[in-house]
């Protein structure tokens, strides 16, 4: 039933997106078409990822999700860097961090919690992720903010490059730790639960669907970005609001869809892995990679956010850690995360 | 024995308070009389609440305590808003937050810990409360502070109103969560301990005493506030110090008394519920309600504290969370909380 | 084998240090000789402490380590205060805090983790220490920073003195709590593991070695400090970088050596006690004592750090707490701590 709606949305939305962008239909209309198409494509990505996750186990499945969600953002950001829009890139990185933690996490906990009274996930993964959230956002993002106040521009860029290299190296260490040296060392009580399930699609079909849907999402997303300026003017939205809220909501639609589906099916390990794992990939891999790539363009991007951006990420991290650290979620924890997102959203709207 | 002293204090203090305020006795003398009378009345409130708590169970008992303690503060603050003293209201809100967490919490843990080597309380409630403390103080109080630096006054008020509505809605959700959807889902090992006890008074008598004592505390408190200016001049206390420290200490005398009595009787669930629950009611209900009510008066109150106020609340929250999150207390944790309160008290005195 | 190298290093380094400082050899050469000598002496201190620790139990052993490591720093700082270098003292206190938490802690977890897959230590000690870290760094260091912005110099000194007295009193309470009122109340699963081991030296010999090595370390350290200015000029290091990084690395060599040896031998209780316990002794005893002692000299030292110093300590505390609070470590947690230290090191180098 839901699958049929998604099929129709993609079958109609994708041609309309291509036609509209060639024929230059009005931006507001195209904005709606693009958004719906992406959400429908995200549905396919969610199903493909779920099939792969059943075959590959919850952790690799979660990694796949985060990767395919953030590939879109990486591509959009590179185009923005080329255009010299470092402020927009930093804003969309901020939006991805708070969007993944508060919006994706919040919706997963809320929707999952409305069906299941208590949901559990690996407390070891939660603690591992908490450490990395503190490291990346509290240490690696806050330190340059404060130190840069007493530095000139050249030193700020040098410092940003140094931190970026350290972030990427530690991110690779983290993968090595989880997939090689400590694979299975920290056992989960909740892992066995879903293993008897049959995947909807085989591994090959799932991979093909995943790749095609990702390519289509990337194509539509890029067109979507070009409607932002006109839409912003017509609806009275500031650039910061579009960067932090709109880009993140639409750009992370894939994560939203799959995380919520996983939470609804009580597979909280995957749902949390998508929300928090995706945040960590943004903070420890996409953000520093963009800092390094920006050296190739005219305007280098320092790892220095605006104060509202930084404080939003810092407070989102503290809230996420305190709510997830016990490996237990319910609808109210979801509502709390969403309330925090709403406060930040209103704040960025009013700025 | 103690009860007889309280009886004498009330029987003498209440007529003296009324006579003194009508005959306009010297402020310093009245200050002393008011304070003693409130503490004695708080003793009655503590005993009445304890009786009700035994009848109604620890959670409702704790809620009752927090409610009756904060009703006094709400009434005083409304009078202050009417007089345009938004700075004093924000200072007394700050004082209630740090006073409840550090002074009430600290005295409970210290006094309880001097009698009992280790005291335990529900780790689930501690985590639930920790999440709400982070949400209200770290997210909902810090965010407007930083964002308001780039906003004009009108937008700051709009933002404050938006956050206030979100805080109140989430507070109602929290009550719904604890009393309806997840009542008894998170079981406490320590809950059964005190249930065999007999209440001192029946439910009806306890309610009558509670209501009368609350009314008397409100009457005396209001008179007390009017002595602050003269007392401040005579003793060299700044308005900020009076707002943050004196109002909070006297205004929360009810919580002090009952929380310490509960801790002494090893009912830590109630003691913590009073200290932390009262803080949450201040931060998530009283503070936003006052922001909304201030729209009715000439001068609107934004949810923007001074930096010393904000940092005091933020650090008090982090200290409380780290000390309570394991559901285990002792005298040294009480001493640590009191030491933090002392540092802040000296700071506000010197400002 | 290693012991023989240490013996040779001390037998050669100590006479060379004395000769070089009398004959005024070039600073860069002496810098290297002093450093190696201190590291070798630290090896002796580590072995002596380990012998004592086996005799006296893990907790007293850890306290001994922290004490003998910080005696050196206290002596150096007093000389610096006498010379009016309050900025350098605050920088070296900062360096000791982040050096102990991130460098000593990080190396212990990394080296221990490369040999042992998972290492455990007392979760009760971890929580107790977390509370004190929050109290000392987040409350007692952050509060004066913010409050001092609105205070004149005299009030800032008064506030610093008040906080210092509170810190020292609470530190003594903490010792009383752990050694008297709650000795053995919080049992450790992991404590019994190492008790069957034989000490290398008897208690008497260990104490003699410990005292002699400490005296020699103090002598060499003091000479080392006098080479910093010239070395800084020749190598292009700022005073802040020397104070925060170099003084801390060399000054804490004793802790480095013994903590890593303990971690390698899987005695994580002692390793963590050295890293975190030493930090607490710096923050709660050495720092406030220096503030009080500074009243005897011409220039009083307020407890007000620079913003980069403060933020480094605050973020180091949050990272340490989140990584140690579960009483479980591995190589990746060590790498994370070291990565944070590296970021701060680069930052202070560029400032």
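Chains: A, B and C, in written order; residue numbering restarts at 1 for each.
Convention: contacts are C-beta pairs under 8 Å (C-beta built on N, C-alpha and C of every residue); 3 or more make two chains touch, one makes a residue touch a chain.
Fair warning: this is a prediction, and the values are worked out from it, not measured in the lab.
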item	value
Turn needed to bring chain A onto chain C - CA fit, degrees, nearest 5	120
Interface composition of copies chain A and chain B: same or different, split at half	different
Length of the line joining the C-alpha centres of chain A and chain B, rounded to whole Å	40
Where chain C touches two or more other chains, by residue	none
Sites on chain C touched by chain B in the complex	127, 130-132, 134-135, 138-140, 142-144, 146-147, 149-151, 155, 158-159, 162-163, 166, 169-170, 173-174, 177, 181-182, 185, 321
Partner chain B, residues of chain A touching it in the complex	117-118, 307-308, 311-312, 315-316, 318-319, 322-323, 326, 330-333, 335-336, 339-340, 342-344, 346-347, 350-351
